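Each structure below appears as structure tokens.
Two complexes, one shared chain (chain A), two partners (chain B, chain C).
Now for the complex of A and B:
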């Protein structure tokens, strides 16, 4: 293997690492508020740059041996590129939110953007992994950075609690994953996906099946699919909102893409075995995510349950175990990320006169009259999440249903569809509070410009204008999914 | 003219006007909305003028492929034409009826104009998924209209409306996806000719039934309707009763019947049973209502039951009758809601007992109200008579028992409507404030007079409205012929008795 070739393939990651280290040095010396801000915006540029560097891989449909680097430990193929572009952009968006928020809560620090960059590198490794070792290193790199991020507001009890909870449960999940990986290694004799695929082609031994199950359980933790979702509401509620925005977007993309890669590349021939697991998790997430959200009174917890619900739909795409299914999953992800970022940005903009964050749904009362544009933005997010047509969220659900029906999962698709009505109930609740109730007059604080811009962009994307992207998005997702299946 | 995308234009005008309404002041929004709806109405008239009766089944077709199998496919047949005409006819009247709305006028008008876009879209869509999108997206503006501008209990009503209808239609979406994959096309005219295997039809029919039965609404899933009607503002009720309910009937006639004829025959008993119950039960419920809007809402359920009976009679009379009932009910119940709205604006109550003797101080109002009451009952000379007679004739050919039960609906209808009229318009002027109400204003004249003209026109010369759809009904009847249930009348042709010859030999020569 040509080293230069390998280095060229991982160029975006190298760019991120080097930039991250330089910014870390900058953060060590520049302790003032202004420096932290500068580092933050530099990090945003770096992430956007990395996304731009990744894009040609996706457009060029790089696949197979052309994409393998470092003796097949790493694959920079079009599938990974699709996920990476989403991840980098989501990280950049979360960073853009951060300074304004942290400056109101005890000061911003240059370490924050650096940690996000390292998390992004970890996520990029996850989606590019072709080997259990790369998978684990990437996952832990991301997780360690994420634990620190969750507890970033050191003085805030809830943030510290969220960090600890995330760490304990995340470590448990890693344990599951490692146990599954060791079983898989023990019964197939290899840690390369291609090797595992070759070893399981004839059939899955009981040990390997156990390995597969444990690995999937560990991954389900990471994507917060039911029944491994318990940490999600607590962490989402406790973590600082910009961090929650990040958690709800980029790592979800990474973990779900990784999920798909392991399922298709390592166990592709045994799809019957994992299809049931994924399907069960998907349906449970959809139903539980919808039901449990009904009683929430905190908007961040509500969005947490809504993310569980959305993950269920994405997994339903994977459960279809077809090119269309994975492509649907990617389309859904690409819509879900701006949707959820928009939701959290709107939450960030809910502040009272003194700049205190408001999180109770009842505080939103009458928002449509006091802050019509903010209400319109959050309302669009809600209708879009509910999957009501004309909003772009409908398209994501539609392609997933299409893939599921094509794979003969008719009954499951119907159950998922009916559950989405339950989901619609609590999304409507937010709209109702904003539009029908008398103004509570609580949301009076000024918004930051970065927040306004981000909300505008994401609201435009999920508005009917988003349909303009459908063709391009579908084509890109089809390329990515095709590459993933071609590799097997 | 045929190449001109008039349907797209009819969708575009209200959409643009809706956006403008959001941006301008309250008074300007009213004007913009009125002008836009009038323009669309004129376009509708142009559409009708250019519709070639007896020509091709699908006219004014537009087809621009979009993405992933979707296409912007529009086109109408006679059935869609008449329903579009109904929508564009009622819209300017609704805008006029919204004078009493004072809060958030711009948003209100925008919601109504968006509603108009979606209604026209539903009737004009020729792509399965395009239809679904229009069908489903209508929930959002209606939810907001009920929830923001509705009465006291509006929140509950808006939720019920939204979730009931969403639950119904989401199952239909899965069925549509399956159909599109099986038939390999999303083109509605093609699918109307496609023969799905009968076993699959059963499930597909049930999925579509779930959606249309809720929309229609059929007993026992009608309970959202009285709530939504009562709480919605007047114009909202008019649109709900006038057009949204017709989407259910349109769904049956466009999807369930032609696409799944075998399943339709298989489940005809279900439709008959539900409709018979609906006719009797909801008529009786209407009889005991104290709230005027609720009474009319229940009467809508009863009328819609006659529509479903006519549709599933599988013959030309039934189908034509159902279409006419739908059109007539759209006009008449819309007008009745307007009549309620007119006195509601004056006294701010819908309670029947608070009125009385209105024919003394509001004679012109009483005259209009009487006419629409009669039309609702189905008096000959009004539009209600034509439709109900045809529908009942249609169902009589299939089952005389069903026709008998459905016929009681007409009698009960006379009961509750006349009882309502007596309590509101006749008798003593027992409430001083009701007795002091002024008669119709010019604006109210402008609302009621066009509907009156249409109701009488349809009652005296229904051919105008039936001619465009005759070919489509005949095509549908031919399509349904293979699944037609046998009638229970078992007519046997008698042999004519021989005339006694020269019995009147002494007659005049």
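Now for the complex of A and C:
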């Protein structure tokens, strides 16, 4: 093992860790609100820097043995790089939202950005794992930071409840995952994905099949796919909104990329075995996410169900079990992240005169007349999520359907398409409330500059203008997916 | 011969102290018997050549877990007599559970001797080299091959530490902390006054 080579490959993670430690020291001494703000913006810069450090790996199509660090414990290949760039940028965006929100709710401290940075390191380890141990340590690093972030507003009961709920259910999911991992280890004799792939090439023994099932159940918990979604609406509603923005974006990317890596690299030869599991979770998530959201009156819960629905579409890409499927999944993720961030930023901007957050959908009535630009931004997020043609969200759904049909999943793709029409109902309901109802005149609070900028950027990306990126994004996703399959 | 003697000594003491753990009247004594059981189990581990596990037993179980038990038992003041009052009533259930466990062990041993389960074989990369003790071999693996994960686990512990502090630390008003520089800077003439009260009058403060 070449140490210098290994250290060079994990340079973005090392950069993040060292910056996180320095900022932690800063947070220990700088207790004032101004210091917390400064630490926050430094952390945003650090995360963007880490994304910039990762980008060359993606563009250089690094793959195979060149990407393996520390005796094959960690793979910094182009697939991981694609996910990492998304993760780091999503974390930076969620951090950019935080100070203005906590300014009004109090309780902001320099530890918040530090925890987000450490969570980002955990997520980076997840997507780079080539080994069950790296997977688990990365997952726990991310989860532990996430539990604390969910409960960050100690004075708010709902935030504490969200933190506790997330912790208990997350621990349960970790238990599932560990049980599956130990069965897999017992029946294949190795913890390396490559070793598992070699051991299962001839066929899965019953024990290994159990291991696979439990591991996938644990991962489905983490991506909040049906039937392991119960925690999502409560945690999303209770956690502080910037934290919810983070939960709905970066960890989803990490867990889904990890899902793909485990499925393809460790169990690639047994795709028949896991295809059913992933397909069942995908279809159930799509249908349930679309149906359950109809009765929601709280916009944060609505977005939570919409994220369950979106995860279903992404898993449908994975269920195709082909290069096109994984590439479609990555394209969908790259569109989903700005879409969901835009949605939550718009929710953050809904405030009354006193700066209190408004979360009921009925409060949005007639928003187009009082705050036309905000209504336009939220409206384009809703159109894009519904997959209305010419909004960028449509393209994500389109490539996923295409990949699914190519793999012979025509019936399932049809069911998904029908469900997305049902789902369009509640997205469009929000638009209808904003544009055609009598103004409720509740949203009167001033917006913050950071929020306005983020909403503008994400709304522009998911608007029809996003089609300018299709070619580049598609090419990058194809590179990443190709690298993942080449490794097996 | 001497190994055999040592084995029977340790094994008998382990079982005996295990029995005393559940029969002792005083919960503090139970914990102390438990510590004895751990020590004897560590002795058994040394006999089979697993000195690393023996060390773990002593350091982790005796040093941390048992001491934690002791603290909890002493601080919580649990009424164990009341807990034990239902012993006779729950006796049949206890016997049933014991029988189930016994049946499971029998079935497990039977399955093992029949060789029914096909499990994977280790790839041998973690086998102990002949010229190393197992402590040394584990050290080589942890700080060589798996160094990256050891460091990552360190970050994981740091995050849980930050989390514990963030969630529990509260700023309270009205506390009077000790400020050592101020204490040291205080001179006798600031703190004491020499007064000479007249006869029949008190000191005015």
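Miscellaneous remarks
By our rule, the second predicted complex is superposed on the first by the 487 of 488 C-alpha atoms of A that agree within 3 Å, B and C clash if a C-alpha of one lies under 4 Å from a C-alpha of the other, contacts with A are read in each partner's own complex, and residues count from 1 in each chain.
What we mean here is this: contacts are C-beta pairs under 8 Å (C-beta built on N, C-alpha and C of every residue); 3 or more make two chains touch, one makes a residue touch a chain.
This structure is a prediction, so every number in the text was calculated from the model and none was measured.
On the superposed chain A, the positions of chain B and chain C stay apart, so the two partners fit side by side. When the two structures are aligned on the shared chain, A:64 is found in touch with neither chain B nor chain C. By the touch criterion defined above, A:205 reaches chain C but does not reach chain B.
Once the two complexes are overlaid on the shared chain, A:413 sits against chain B while remaining clear of chain C. Partner contacting the larger number of chain A residues, of chain B and chain C: C. When the shared chain is aligned, chain C comes close enough to touch A:187, but chain B does not. By the document's definition of touching, of the two partners only chain B reaches A:389; chain C does not.
In the superposed model, A:73 makes contact with chain C only, not with chain B. In the superposition on chain A, A:141 makes contact with chain C only, while chain B stays out of contact range.
With the two structures overlaid on their shared chain A, chain B and chain C come no closer than 41 Å at the level of C-alpha atoms. By the touch rule above, chain A contacts chain B in their complex via residues 369, 383, 388-390, 394, 398-399, 401-402, 405-406, 410, 413-414, 417-418, 420-421, 424-425, 428, 431-432, 435-436, 470-471, 474.
Chain A makes touch with chain C in their complex at residues 1, 6, 10, 17, 24, 69-71, 73-74, 109, 111, 114-115, 118, 121-122, 125, 133-134, 137-138, 140-141, 144-145, 147-148, 151-152, 154, 163, 185-190, 195, 199, 205, 207.
Taken in their complex, chain B has these residues touching chain A: 66-68, 104, 129, 132-134, 136-137, 139-140, 143-144, 147-148, 154-155, 158-159, 162-163, 166-167, 170-171, 173-174, 177-178, 181. Of all residues in chain C, only 117-123, 145-149, 152-153, 155-156, 158-160, 162-163, 165-167, 170 touch chain A in the complex they form.
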